[in-house]
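Each chain carries a letter (A, B, C, D and E) given by its place in the written order, and its residues are counted from 1.
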Amino acid sequence: MNNLYNIAKDLFSTNKVDLIIGYKSIDSRRTKPIFVSSNEDVDHLVFNEYSLNNLSVYLTRKDIKKYNKIGILAKGCDIRAIVQLINENQIEREKILIISKKCNGVVKDFGLEYNEENIAEKCKSCKVRTPKVFDLMIDSEEEKKLPEPTISSRVNELDSMTPEERFEFWRNEFSKCIRCYACRQACPLCYCERCIVDKNIPDWIESSPTQRANFSWNLIRAFHLSGRCIGCGECERVCPVDIPLSLLNAKMGIVAFKEFNYATGMEIGEPTLVGNYSNEDNEDFIK
Amino acid sequence: MYRIKKQDFSKIIDELIKTGNRIISYSNNGNDFKRINSSNELSINSNFKPSKLSLKEIVFPKTEPLFYYKRTNDNVELKDIKFDSEKTIIIGAKPCDAKAFSTISKVFNWDYKDNFFNSKYENTIIIGLKCDYKDEYCFCNEVGLSQSSKEGSDIFIELDGDDYFIYILSEKGKNLLQPFMSYLIEEIKESKVDDIDNIIDLNKVRTWITDNFDNNFWYSISQECLGCGKCAFICPTCHCFDIVDENYTYFEGRRMKNWDACQFGKFTLHASGHNPRDIQAKRYRQRIAHKFKYYFDKFDELLCTGCGRCSRECPVSINIFDVIKEINAK
Amino acid sequence: MYTIGYYPGCSLTGSAKEFDKSLRKICDLLGIKLVEIEDWNCCGATSAHATNHLLSVSLPLLNIKKAYKQGITKILAPCAACYNRLVTAQYELTKNNLVKKELSEFLENDYNSIKVINIIEFFQEIIKEGILDKKVVSLKGLKVACYYGCLLLRPKEIIDFDDSEQPSSMEEIIKITDATPVDWNYKIECCGASHSIAHKDIVVDLIGKILGDAQKHSADIMVVACPMCHSNLDMRQLELRKNEGYKSIPIIYLTELIGLSLGLSPEELGINLHFIESRSVFEKYFSKVEVQL
Amino acid sequence: METNINFEPKIIAFVCNWCTYTGADLAGTSRLKYAHNVRIIKLPCTGRIDPLFIIKAFEKGADGVLVSGCHPGDCHYTSGNFHARRRWILFNQLLNFAGIDNRRVHFSWVSASEGRKWVDVINEVIETVRKARPFVGYSKMNKEYVYNE
Amino acid sequence: MKIGVFVCHCGENIGKTVDCPRAAQESAKIPGVVISVDNKYTCSDPGQNMIKNAIKEYNLDGVVVASCSPHMHEKTFRKAVASVGMNPYMCEIANIREQCSWVHDDVEEATKKAIDLIRIAVEKVKRNFALTPIKVPVTKRALVIGGGISGIQSALDIANAGYEVVLVEKEPSIGGHMSQLSETFPTLDCSQCILTPRMVEVYQHPKIKLLTYSEVEKVEGFIGNFKVTIKKKPRYVDETKCTGCGLCTQKCPIKKAPNEFEQGMIKRTAIYVPFPQAVPNIPVIDNTVCTYFRTGKCQMCVKVCGKEAIDFNQKERFVVEEVGAIIVATGYSLYKIDKKPKDSPIKGYGEYGYGIYPDVIDGLQFERLASASGPTAGEIKRPSDKKEPKKVVFIQCVGSRDESKGFSYCSKICCMYTAKHAMLYKHKVHDGEAYVFYMDIRSGGKMYEEFVRRAIEEDDVKYIRGRVSRIYEDGGKYIVKGEDTIAGIPVEIDADMVVLATAIVAQNDSKKLAQTIGIPYDKYGFLNEVHPKLRPVESSTAGVYLAGACQAPRDIPESVAMASAAASKALVLFGSDMLEREPTIAKVNESTCAGCFYCQKVCAYNAIEKKEIKDRNGNFVKYVAYVNPGLCQGCGTCNATCPSKSVELIGYTDEQIFAEINALATL
């Protein structure tokens, strides 16, 4: 039977992996990332509706890259990140062994109980709850119906405002930003060796958490993730001042789909959105 | 100590607001704090959990200008900052937050007197509140505090039915309440010291840290750390800052003092490209060592008040208390 | 039990009853469950796409949506026109310029996951599945001209289950009845169905060519898979019959031919409802039926 | 803060060297007149134009930004403008979503022979920006920087 | 930094609307500016001298000239500063004429703008680098890919100019399609007669190294310095020994292999020479049919060969050639219109029954039928029964100008060769009828239209304007159903033979070749020129040129013209020993590059390569992008695309542009 325990044990005993990046539970409603490198710790591994973190963020880290074959627990959404990382030459498919399961959503944040209203927003609109790309599947219950997503309606809400209102909205949200960069650090696709905000010659994005610098930072970040964000929502979850970053990402996701019929991280080898072009790209906004 | 009716206390607050003081109180179930314009906005609740951000930004803002400059072809003229004298009164600070102010004031005053900090700190009056909140992240009693410890507060409140018990603990506090003594009823109440059984031996922790600078333990506990600055930025005692210049017109600019965090990879990056704390483990070690050893060695104070914010908010659920416990268990 | 969604469309409930009848009979016999789409509506074939592009796409999509709600994953649309509209609509759905605007309501679910198949694909499938194997009557010696018509195979960028100019799939299917498909030239020529009422003269001329060529290549009967072709070729042949010495040729639905080979009687299959009678052609096979039954 | 409709907006234009810059030169050599509010920054190719420039332009007090280059297919570097176009599609909508709408951010193709078009584009841009009034939102944030005792 | 600013009045041109003295005074306030002056004509000798003197006097690091457009005088002033030892790239122009004084009237505003423009230039020049042009050595040797008429022409031109040429042909013989043609329009002279001498000339030319039956495998390097790996397929015949006596080909027992040269209309032997005039005249063994290769027996050829030239053990061989320029002349192939595989985007013409009806043939097959050296020795006989067809229908635009079934482009030569075919047919079958179905007749070219008129008027070829909907067989005849759009009626012709003018398409492996060389191609697989008007024979990869039908459908004269043009481009390159390239190219910051290779995706010149970074102990650290200075053209798209700005365009660095924007900063 394919429970997590057996799979992991087997992987180690047959030397199919040198490391498994997984979750271990702290208490009934909390888990944290764990790095299992041998049979002993296998029994710590859990994979449940409290497995919030998108572990693929670790795959691009130097100390992790050292391993030859890495097993990783990944939900459908996390796998999109892995696929995108592969498509961006950050990791090699052969080196990664994806252990996944059918997913019925995770909770918004640690400490909450898994139930209808605590399910994370991203899960409600998730199209890959049964993942398309993976190596091993652990036994998991079938998909059940989740509550209707609200994110797109929130996006429409903003779209329906006047530009001035929108600007004020974001100015207020961004002015809260304290530049702890938790959003960046938690993002699996923010793997740059030196983030643009850390580049000081020239000082494209001022490092002071002033309103305008925060505005620039959050915009550029959203732009750098356009067509790359896979909507795992970690940035918003980890934000200490609750800036609705998912709104930005969702908007750009919608744009990518409407303009280019493009969804990120769905298949390995698909051409990236930025970096390619089509003669038919829409240009009715250009004079 | 004194007893005072809640409504009388409110009267005092309104009075203070009228006389142009900046009153800070909690909002949104204690998650945030804000300036209030009337005592109705006042919310004094001993069951609040520590706010998401700590109170430190009142005396140590996330960003503040140090001076302004104007450069022309042949010279540069500087313009200094004038500090405003507005009084700030914080109402209902938790013991763990109240203590933090006095703790960091040490580092801002040990050789160079940082007036940017002092000007604010001196004008800040902290009214502490006995805390009745505890969760798996709190450990104030392990760092020499308790839910009713009054360190750092100028005035301290305890709830008692429709009344407050009020302790006046400092000159600042005394002067503040001077005009309102009429509202206060003197009362003797032997304040019982809440019994604390510590499980952590801080000396042991310190010596272990000293002896195990290169211990693999640092790597093992910080492996999942993402290296974001969240813990430091929300910490009431973390006080690192960065200084940058930025110009706003072609000729004019200003020098800024911004929060910084030792968890950032670039924090210790030298111009040469060398980075003494090149991996997260070393940065995490720095965080622990600074809080529980270095700062103590220098000021014999811990740089931690056990508020548990960093653990509560950590994206990957690293619990600093667990770490200390582990060290303690070695 | 093999189950499949079923979209009859207007013809099969009217002018082409026998198509529907014979299909249902076969399915009963082979234990195939047809799940009719509840409250199905017009496919918009007749005039919608001539009058309003959006309408011509949304009408069929509405049917697919209904099927989706019913949990149907595959739809059989026997009528060539219906089939054509349904698959075309799905194709349109993939063109995001249209999607972006009017059709957004059809994006909430993956309606293109539903496969729409025509009667030929249907038989290909049940033969592959081994469901259609018990042949009772051998139609050996029966020369059949397979007529595809215009709707079944075009447009080729949307429909590609067979070569649109040199099709052969129907021939393959009727082989299981032991009948002999003839090689002829008018397999896909227009029969003029849409002019059947308004411009009889054109139609008669056109079907004259078609039937003529079929007979020239010595076909006994013509098998069709489209209600319009059928009514047109069957009914309008009466006009040709007026000519001196014209030898008429029966027009049979693919389903009916298969039905016969499965031992069903012409009446059960509704062959007796056609204008051009075909008993003469089939007599010799029926006797065998009696023997074997 | 200025509110009257006839203020003089500040426009920063990022143009490619081969088409638009030359087109602007042509406007000059043909002695065509256009409003003075625009300042041109020359780049080799629209492909070089980074969203950061646009943001930075607003930070530095621009009321509107124009980005212009070779028509699709004419790019001196074969595909620079195609890549630029795709980037703009994304960034344009992102800016709009953030409240910096297309009254302030403008894009155009102006070839080396389109001196006249350049003039029309500039005047149009300036007019739309003027109608949109000074960029209060941004200047609010920028004003933070001035020191008032 | 010490910067000098020189504001030019350009007589009245600038002075009239810009207050130059004031502009100069204001500029003097800019940090870094040590001298700022205005004068009447800066481009004049006194003007230039003034700059030179200032450079010496104040020993300036950079110069800004506020004057006319850089496209006007940038070179002039850069030369000037260089003459006194300043690096030319330390001189910047502020364009205050074309983009200021000439387009504004308001002196106040124009002056303000001029000052801003000067400030921008100053800030830029402060951050300029002293650059020296990149020099790359040139290998004066050319590779020509494809031995058709275009390849032959290019090879001969370059060789006759005295440079070595390597000519690679994938077939056993050079000659290409032209060698298959019977006659050529509009002169009706025999194709072989004019081509064969050229083939021989190539073969005997001391400067030309001919590699037939070979294919380009790999191309490395860049302009002036290509390293090309060529695969020589085994002939199983030793070129050095074989005399081309042809005995082996007569004696070979296998005679059933389809003859490619004759378009499969007749058979050939297993060891064969593609056609009598083949160059080199050396046989090849087709190991797919040869008995020896199938059963290990026979060896008849070995027995009869006096020279012991047969060598069954030959293997693929790889030769590496170093060349400075590459000319691609791979030609075209013909659209095969029989049944298409399902996945093919092209839908084919099933209705014409090509591949089903033996007497429905394509243009090249007809060429062979009409050719005196062809299978019927020039008599027109239909393939099925070898009878002389009395009625032939020619159909144009089969696949051309037909988006739904073929390609949207016009194949260009079909109108002409169809007219030629019809004529040849009429000349050979006097009582025959020839019909041509056409959409339009496109006969632009010297004597072309006249040629078509001749076909219609003198040779009485019946032209029907319209398309054919269907062809089917009926008692040995082919019923061609079509429409006469001029008469507006359907027509049916019972033809004996049908000739389809099928579209010209790119070689099926052209995309693969393009990727090997690193040059772009269009959606049809035709190779792309860098500029359709001004640089029609250059690919976007420096040093790679295009000739003939590999770039688009071409007729013979055009192909030859292109070939010579491409040759001369190569010769221009060979004209100098060192190649000078603009130093404003992109550069990667390897320490911060994260290796996402978005830069590689957007680079139009394949200038970005993967580079391995190793630590001191030689352990692999990471892959980073590397910009090949030989290929980079300096567009900077990589720079804008790089999320971490780890690749920067020298001369337009982020720092410079930031400073330029900042120079305009106000509140």
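Just so it is clear, a contact is a pair of C-beta atoms (placed from the backbone, for glycine too) under 8 Å apart; a residue touches a chain by one contact, two chains touch by 3 or more.
Note that the structure is a prediction, hence the values are computed from the model and not measured.
Return the chains common to the contact lists of chain A and chain C.
E
Can you check which chain pair, A-D or A-E, has more C-beta pairs in contact?
The comparison resolves to A-D.
Averaging the CA atoms per chain, pick out the one whose centre lands closest to the mean of every protein CA shown.
Measuring from the global C-alpha mean, the nearest chain centre belongs to A.
Computing the C-alpha centre of each chain, which chain sits at the greatest distance from chain A?
Relative to chain A, the chain whose C-alpha centre sits farthest away is C.
Name the chain whose C-alpha centroid is most distant from the C-alpha centroid of chain E.
When every chain centre is compared against chain E, the largest gap points to B.
Could you state the distance in Å from the CA-based centre of chain A to that of chain D?
Result: the chain centres lie 34 Å from each other.
Can you check how far apart chain A and chain E are, centre to centre, with Cα atoms defining each centre and the answer in Å?
Centres of chain A and chain E (C-alpha means) sit 44 Å apart.
Centroid of chain B to centroid of chain E, CA atoms only: how many Å?
The answer is 69 Å.
Averaging over Cα atoms per chain, report the distance between chain C and chain E in Å.
Each chain's C-alpha centroid was found; their separation is 50 Å.
Counting only residues that touch at least two other chains, what does the list for chain C look like?
Counting only residues that touch two or more other chains, chain C contributes none.
Which residues of chain B are in contact with two or more other chains?
Within chain B, residues 246, 248-249 contact more than one other chain.
When you check chain D against every other chain, which residues touch at least two of them?
52, 56, 61, 79, 83, 87, 142, 145-146
In the complex, go through chain B and note every residue touching chain A.
That would be residues 52-53, 62-63, 136, 223-224, 226-230, 232-234, 242, 244, 246, 256, 258-259, 261, 264, 266, 279, 313, 315-319 of chain B.
Could you list, by residue number, the parts of chain E that touch chain D in their complex?
By the definition above, chain E touches chain D via 69-71, 95, 97-99, 102-106, 109-110, 112-113, 116-117, 120, 520, 528, 530, 540, 584, 602, 604-605, 633-637, 639-641, 649, 652, 654, 657-658, 660-662, 664-667.
Would you pull the chain A residues touching chain D in the complex into a rising list?
158-159, 163-171, 196, 204-205, 210-212, 215-216, 219-220, 222-223, 226-227, 248, 251-252, 255-256, 259, 273-277, 279, 281-283, 285-287
Where on chain C is chain E touching in the complex?
Per the touch definition, chain C meets chain E at residues 155-157, 160, 163-166, 185, 189.
Can you name the residues of chain B that touch chain E in the complex?
Counting only chain B, the residues touching chain E are 71-73, 247-250, 273.
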